Structure formats: structure tokens, C-alpha cells
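Got some structures for you, see below.
Look for chain A in each of the two complexes below; its partner is chain B in the first and chain C in the second.
On to the complex of A and B.
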């Protein structure tokens, strides 16, 4: 049984409202931070905790906070990235929907640490009901003196505004988000300058994910050191995983990053196994952008060790034999799923969501989708597979923002691990329209690594 | 002086130059010139904020600076990356950069109509130059190309969105040169387009400059469309007293006839002095202008093939062979021809023939 930090009280009835949340010990971290600590001490605690950004990249949050430029007389801003649009990821929605005050509490403490007096929550427009919940919660917090001028008589002012996105995946990229927040087209900016120096309205800005900011609350309450003891290595604390796909119990789970992938998928506490006794074929462990892994490589690393649900273990083996924890969107594919069709779906998504600013991503994503559609409908050629590989290789790393990489990785990984299935589609165009390739050898035990001579 | 010390040393393709801090890698490479300068399709020195989009100028940074000699993990856009002291950059010496560039050219061309034979930009098109230098012969793209409806955007400018490579330069021109921007990018991804949203005419005093900055034939001059090939024209530097702009232009003449007027471009194809619409579209007589002399086209363009200056006409050998007698003509072309005007002796015209010499124009 893993330790719960964020979801400790999520089952308490009425926790969404202020009164219950406060009764269950809410806003204590604000009292502690504003009452006993200086902003630098808050940042130090976060640094000590080893908290890593929960949005996908896993950058250490404390370090990000310490990078923020502090020029005289220029306001600084904290922006909460709630534009959660990655296919397979829905942890932030759950958190905001059921524990809106936890996010607001985290925002108050983080804003205090960063010296932000105007803080924004950028929510994707599709979460329309979540926006209402957040605004109600902000109203309640303000009515009870947690927001506004001179909070707790400590001389700290803070206003939180909710900004509604308009439905673009790209606006989850931090600089595109800032452009969108300013009211412009959501096009990623060219870095440098980084947001910590020139962010929203050219002011120093920190952009953090919802879960990251919520995790600041337990860090302040139990102390950074205590927090860093949970988990293993550089994967400290707890992580929300949104599990979906072919599993018995899809949902959002809080894990402490010490459990193995196998336990996570098959134990009754979490996903509860694959429905109808089927076998797992493949899995995307961290949201649609990260490389897909066949079942055998998912459960065990190339070295034959058990793979754990944390940053290091999932990325063990690099992109050739590993994947990433990413944003925690855990998508499981059972033996009846078709990897080609699945890759096409992702390619279509990235084609649709490419902002069109820089040429490799604008043109390449559409091209990949068209080729994949051909293969999927039985019109593919053998050379198409190599062509796909060449296209993704030339997109990756050559674009302004990581959307190009995110579009290239799933295709690359699918070809790397499931080339047989692509070839089967090309060689059996008629049969591939009637049935799937099936499990094949993708769940076979890995051959033991050959010792280097 | 202390200022002297501030110069940054940067090595590009094993050639070292000293540049002021704040210079981009691209501009440092242009200082060296030749092949070392990466191609740029979207960057435009005079337009603030341009660059970084087309990715053709990607270069490899082998060492970040003297203080931090680690190489940069990814290729960087040289037009938007500033040099550091002791930076080592690889452009044409980097396999990785050349391979990436090849990919970019392919990406830019997969949805380009390749209608160069009927495109007015042919001969002075950056995309044409780029694909000759860095592209491959064939294409691996087997699908339908993206097409757009043509938009009418006023009396002077033709928008042919299908040819556009979305460099955003024309948007920056409208933002930074005119008093109001009336066009922009609509939509997203590969279906995004330059448009005025509701079909609207672009009629700002300086909007004609979008034609000059457009690297391809997406924005062309309506007063010049289909009139002539640029390489048949003779570019001349000329100026006039203009109350609005510098009045410094390039006239594109054939004989006395002014086919079009453009701003003067430097060797990188960039305009330094933008000109107004009156100079560009209304002054189409040689008499309106003070001609300074032929324009020097620096790059190895087809247009330079048309320079008449300092050429020596080949010696006429016929009279010599015939001992001074004139050849007896069996047929007088001027009498038989139905094309040229009877009163004009075609062989008697100095320089090239132009439209007034032909019957069709005058009958």
C-alpha cells in the first residue's frame, strides 16, 4: 500500500467545498509558509524534496524556481499549466475536479516563494466544468481571506485568475501557453530567452504543471527531506498515474514510484489486470508522446531487472530499449489491438495539432499520417516503412518546440519494436483488413543479455 | 579601448571571425560569406522577430563557448542563436546539419506546387535556389499536394497561397512597415494560410513590400504578372524624389520600357530600403526616374546572365568574306513579316526589340 500525499482525503465527501477541505486540514501549508518561512526557505524545501516537474519533462522544480530572474521593479508571475491535452493523460483534470482547493493552496505557497502577485491557471477549454469548479473554489478562498490583499496579515498579496484555452494541444507547451495567455496565436517561442527571464508580457515567469504545484503542499507540511525519502533515487514523492486502455480498472492512481510496472498493471489495488483474461501486448507508459513498448520490454528492462514505475527505471535503456514516465498517461494495449492503427491515430493527432510554425513538423506530421493510413488500409509498400523512419528522424530535434519530437517518437518506437507487424500489414494487405496481427512474440520472455566478451 | 576587447571570436567551418556580442551565428557566417553562410528562408535582417521558423539555417554547434565548451545537443537555428566567445560552429562541414537541411528542403517541397514554369518568381526564387543547392532530384512524396483557393487581395498584389512556405515575413512587414496589418495567418498546421479573413484589399502605402520579402511566388506583383521573365529584363539602379520613401529602387527594363519596379536587394536577397506603393506600382516610365546604372546581381543568379555591360559584340564577318559587298537578300523580312511594323527595320534597332516594335501593339 503506497503512501498517499495528494489523494489522502479525496474520498471525503464534500472535499471539493471549502468548509470540508479546511476541516480536513486544508490551507495549513499556507499558514506554515507565510507564517514561519521566508520565500527562499520555501524554495529550499522544494529543492530538498527533489520534486520533479510532473508535466512530462521531469525537470527539477526547485531548480526551475531558482532560475527565475528577479530584476527590480518588474513583476513576476507564476502560471499553472492545466492545459492537459496529451492523449491518455487525465490526472490533472481529476485533481482539479475533486481537490480544487489543493491546487489553490499549492498556488498560494508557490506564488509566495516566487514573489508572484498575479498568478494564472491556464485551463484547456474542453474542461469547461472544471473551470467552473476552479472559479467557485477561488471565490471561496477569497471570501475566507486566503486570496486578495494582505493574506493572513503577512503583507502578501495574491490574485489567481483562470484563463480558458481554446482547444489547442500546442498551448500546453509553455511558451505557446504564454503567447496564448497574452491573447496571441499559440505559437511556441524560440528559446532562449527562457520564460524564467522573459515570460508572460516579457516578465520573469515560472510555468508549472497542476500536479507539481499541488505537490508543494505536502512538501511544506512534511518537509522537503521527509518528502525526498518517499520513492527511490531521483524519483521522489508520489506521482499520479492516469491508467487507461485495456485494463479492468482504469482511473487515476497515486503511486509512490517504488512499485513495479507488473504490480501496477496486474494488482487489484491498481489496474486490476487485463479484461477477459487477455494478454498485454504493448503499453505506452507516459502519455502518447513517449515511446511505446512491447509487453516484454515493459515489464523487464533490457538487463533483465524488474521495471519500476519511476523516471529512471522507465527510461532505462534509452529510447532503444526503454521509454519515459512522461506525464503519467498509462495506456495499455491488449493482444487484440493493432499497433499500426494505433500509431496512425497518434500520427493523425499530431498532424492535427501541429501549429504550422516550423516546416519539419508542419509538413512531416501530415506526410507520416498519410503513409500510415496507406499501410493501415492495406495500400502500403515495404519502402514506406523506411520512409517513415527517415521522416521521423528528420523531424526529431529539428523543430522549435518538443511537439516535433513528440510526433516523431511514437512512430519511431512503433517501427523499432513492431516492425514485424508493419511488414505483415504490407505483405498481407487483404488479411490485415480482416484481422489483427495479434500478440505474436511481443510478450515472450526476453533473451538473456549476452555478456560482453 | 575597452570596446575592442568585447569582440567575440567565433569559428565557423574552421574560419575564425571576430564579431560584436549579440551577433547571430548567421550574420557572423555572412561576414565570412560564400558557402559558409547558411541559407535562410524566413529570417530577414530588417524585420524584427523574423526567423527560426523555416529551419533551413540549422547548424551544429561543436563547442558552446570558451567558458562552456560543451557541444549543443541539438542543431540550432543560426538566425536566432547569438554567438558566444570561442564558439565553434559547423555548417557545411557538419554531416548532421547538411542531412537535416536536405530533409527540410524535402519538407518544404512536398506541398509546393513546383509550377516554376508559370511562376513569376522563377529566377529569383529563394526556394528554387535552395532546392538546387541542397535538394534531391526526385521526391518521395506520392500524395496529393495541398492546394488553396486563390484570394483576391487588391489591385496590386496577387496572393497565391499554394506556393507559400509560411515564412511569416509578409506578416512582419505589415506589422512593422505599414500603419495597419490587415492580413495574417489563419488556421493551424499544414492547412494554415495567409489571408485577410474576409476578402479584403491590402491598400497600405508600404504593403507592396510584401512582394519583395516573399521568398517564393506566393505574393506577386499584379502589374507585372505574366509580363516577362525576370532574366530577360535588365535591372537598373534608379531613384526619384519621393515624399514617402527613400525613392531608391531597381527598375527592371527591357529597352526603354519599365516592366516593374522593386526595392534594392543586397547580396543575401534582403531589402534595406523599403519603398512605397507609388514608386513600385505607379511610376512605370523611364522618365520618372534618374537612372544610376546597371544593378550588380551578386549571386550566381540567372539574372546576371543578362548583363549587357562591357560585352563585346562579335565581329561581323560577312562583309569581309564577300570582299566588302553587301549580301544580296532573296527576301526582305521587313516586307514579308506580319509581326513587326513595316516602317521598322528589325536589324536596325539598337539593343533588344520591345513591344512597340511589333505590329500587334499598334494596330
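On to the complex of A and C.
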């Protein structure tokens, strides 16, 4: 069994409440950080740990923290991104629901490092019972002296507030989130200026994901160097993966980033294989925005190596032959699933969630949805497949925020890897309404690519 | 002016929420307050309700309309007493959300976006709610209903009818 840094105590009865959490060693990282370390030393440990942002982009957290501007007399803020809306992703919810104090503990230490005296948790509005859990936990932390003025007599003041969103995927994008926190529509801002210089209310701001900030707790406890030894390469520490789709054991798993994708899918410790003895056809390994892969390319890289559940290995092969770890939203499709239809639901999602500021994203996502609906319902033309390809290419890289790319990539990857399934829909309009294309050759072992001489 | 008014405990909560943000940045409290308003005034935000929120925040009414129309959880039209918000995104679709949506339509005799004649139920489809591992699912008020089956949908409808009857 892999080492657990976040979920070590998740099964302990009553761990959601303060007393049990504290009894099990909770809040020791706050004692250590405030008692023995300067804010810069905390940031240094996070740098040494190699921790990368768990929200999707994987940017090194320590480096992000060191960019925060410190103009005289201007307050700074830490904002925790708990907007979690990327299809396939439900790990932050699990963490907040079962270990609310772990997040609060991480927020206190991180706020200390950044000099934030008022820290916000921006939670997607639909998670309303989670908000109650967080507010209860914040109340308990405050009653026990971990929040408020002069924490542990060390002269550090901190309040944490939960801010409830109201249903908008785009508010997970950090600048849209800040607009929303200011009480406006969630329209992404043009960067620069970056939030580290001008964030919420024009004040220097750091936005980090829930899991990222929770990971600061074990980093401080075991030290950045020790943390960096877990995992492999630039994938240090552990990662939460939310697994769903056609698997026997959907759920949230903490993994050591050295395990193989095959073990993750088939071992009983994790997904437990595909129900009813069916075969895996395809998988989106890191949330809906990352490229979908056919089963054969998911399990092995184009070079024929075992693919591992980490940043480097999942992206091995680039966009043509690889994917991404992203947010850790692992979606499995079995042999009975239709890739065209699944892609259509994602296109509809991005169309619905586009904020409408940039025309390539606003118009392009709508077109893609429409064309995919035609193909799915047997009204597609062969030229539609090329048109889709063309549209996604024109969105990518031509928008204010990465939602445009996130909408383009799934469509591009679906066409790239499953073109025959799209063509079959077009050529068999009637049959495609009665049955799915099936597994086809998508799980066949790959010929290892031979290096060009 | 004829507008709704928060009961004292809710008004206190609203005032407390405003203190979470810096002085002069009270507009930041708009979404949290709109949630309280929607819960208190019939599950949706009428123009009068939004004007009232604008007054509390000391901002222009149009600033509230602008925000309310952007966020999918803000209902700017009346809805039934119980709103079934069924997720239809990929992971839920794989696990049968389409059949669940069809079953609700057939059982309640309404289409997506409609409300039953007795004003009890509204059916909405929504995009991923972060419960993909527990699919198919829907949001009903404050909570999620997960691993839906036709039988569970029947039970939920009965439960709602019962609560509605005892509350009237």
C-alpha cells in the first residue's frame, strides 16, 4: 500500500470534529510553523518539496508563493480554490467533507507564509452541506485559538471566511474567481497583471487549490526534502485521484505517483477493474479538459513503456500520443460506451460554461456542440469531422483564458484517436442509432514505435 | 416600495456576511446574500428581491441583475417547490442519467425546464456537480441524491409530496 499523507486518518471515527482531529496530531504543523519558522522558511520548505498545484495546471507552489508582491501597507490575500467543477473531479469535496480541519490547518500555515490575515475559501455553491461542515470546523478552530488574533501568542492574526459561489465552472479559473469574489460576473481577466501583483481588490493574491493547501501540512511536518523523495521526478508527494465511469470501485484515492495506470485501474486497492468483465475502451485520466486516450495508449506509452500515474508519464507523447494528469479526474469508458456521445456531452458542457467574452470560445463551443449532436444523431456528414477539427484548432490559443483550450482539446483528441468511430457514425446513420461502435481495435496492443534512424 | 424583507435573524446573518469583506467592498457579499434571499423568498429572485439586495449592499439594482443572470444557481424565474437538478455530463451519462431524466419526465409529465401544474416539481438538467463517482445523481435543495435508480426517484417524489402536505 502506498504512503498516505493526506488520508492517513480519514477512516478514524469522528475525525471531522476538532477533538478527534487534534488528538490524532492535528494542528502540529501550525505549532511548528508559527513556533519555529519564519514565513520565508515555510515557503522554502514548500519549494524544496517540489509540490505542484493540484488544481490542474501543476505549477510549482513554492515558486508561485515567492512571486507575491509585498508593497508597503497593502494587505495580501490567500484564496483557496474550492470551485471544483471540472467533470470527473470530486476529490476536493471529499477532502473538505471528511477532513475539514486538514484544509484549515493547511490554510493557517500557508496564510502565515504569505502574510495573509484574511483568507477566503471560494466553494462552489452547490456544495452547500460542505460549506456548513467548513463553517463548523472554522468555528471550532477559532474557539480553540487557532484563528483570530495573536494565534499561539506569536503575533499572527488570521480570519478564514467561506465564500459561496453560485454555479459557474468558469469561476474555477483564478482570475474569474477573483472577479466573482469581488461580487461581479465571473469574467476572466487579461493577464498581466497577475494575481500575485493585483488580485482581489487590486491586492496581491495567491490562489491555490484545496488539495495543494492541504498538502502543505505534511510538508511542514516531515520537511520539504522528505516530501520530495516520495513519488518520482517532478511528481513529488501523493496525489488525490477521483475515479469514475465504468469501474467497480468509483471513489477518491490517494496515490503514490509511482504506481502504474494498469494497477490503478485493475487492482482491488483502487478502481477494482471494469464491471461485468467488460473491457476498457478509453479513458480521460485528468478531468474532462485533458485528451482522451484509447485503452492501449493509456496503459502504455508510444514507446511501449508502462504508463505511470504521474505528471510526466501521463503526458509522455505530448498531445498526439499522451494526455495529462490535470486535476486527477479519472474517467473510464468501457467497450459499450460511445466516444462521439461522450464528447458531445463535454462540448455541451463547455458551451454552457463559456463566459462569452471571446468570440472563438463563445461561437466555437456552440458550433462544436451542434456538429457533434448531428453526428451523434445520425445526421452528420463526412466533412463535419474535418470542420470540427478546424474549429477546435481556431479556438486553441486564441482566447483570454484556458477554457477555450480546455474545450478544444477533448474534441481534438477524440477525433485524433477515434476517427473511425466518428466515420462509422456518419456512414451508418441508422445503425448508429441502434448500437454503439464497440471496442473496435482500441484496446489492441500497440506496435512499439521504432526510433527513426 | 413593495419588497420582501428579511426576518431579523437572516438580516443579522446578511450584515455579518458583509463584514467578511474590506470596508467599501461590500459588493463582494452579493452571491452569499443572493443565496439567502433565494432560500427565503420562494426559491427564486424576483426583481423586487434583487432591488432589495441592491439596497442592502448600497449598489445599483442593475449590478445585482447582471450578477444574478450570470450564475446558474440563481433562478430569475419562479420554480416549483422542489427542483430536481439532474446532472447530464459525461460521467453521469455513462451511468444512465438519460434514463433517469426520461423517467422523471414520464412520471411527472413535464419536460426539462418545466414545472408541474400543482407547482410542486421543476425538472432541470445541469452540468457536472462534482459527484461523478456516485452517478447518476441530482441536486435537490441543499443535498445531493446519488446512485439514482427509478425506484429511488419514486421514493424521492413521494417524500417531497409528503413533506409538502405536512407543511401546508
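Here, the second predicted complex is superposed on the first by the 453 of 453 C-alpha atoms of A that agree within 3 Å, B and C clash if a C-alpha of one lies under 4 Å from a C-alpha of the other, contacts with A are read in each partner's own complex, and residues count from 1 in each chain.
The criterion applied here is as follows: a contact is a pair of C-beta atoms (placed from the backbone, for glycine too) under 8 Å apart; a residue touches a chain by one contact, two chains touch by 3 or more.
Every value quoted in this text rests on a predicted model; they were computed, and no experiment measured them.
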Chain B versus chain C as contact partner of A:163, first or second or both or neither: second
Partner, of chain C and chain B, that touches more residues belonging to chain A: C
First (chain B), second (chain C), both or neither touched by A:352: both
Touching partner for A:86 - first (chain B), second (chain C), both, neither: second
Which superposed partner A:337 touches (first chain B, second chain C, both, neither): second
Contacts of A:300 with chain B and chain C, given as first, second, both or neither: neither
Partner chain(s) touched by A:4 [first = chain B, second = chain C, both, neither]: neither
Contacts of A:183 with chain B and chain C, given as first, second, both or neither: second
Partner chain(s) touched by A:278 [first = chain B, second = chain C, both, neither]: neither
Those residues of chain A which chain B touches in one complex and chain C touches in the other: 168, 185, 352-353
Complex contact set, residues of chain A against chain C: 75, 84-90, 92-93, 118, 120, 124-129, 159, 161, 163-169, 180-186, 201, 242-246, 250-252, 288, 329, 331, 333, 337, 341-342, 345-346, 348-349, 352-353
Residues of chain C defined as touching chain A within the complex: 20, 22, 25, 27-32, 34-35, 57, 63, 66-67, 70-74, 88-91, 93-95, 126-135, 139, 142-143
Complex contacts: residues of chain B adjacent to chain A: 51-56, 58, 74-75, 77, 80, 99-100, 103-104, 106-108, 110-111, 140-141, 143, 165-166, 168, 185, 187-192
Residue ranges of chain A touching chain B (in the complex, touch as defined): 168, 170, 185, 190, 351-360, 362-367, 370, 387, 390, 393-395, 397-400
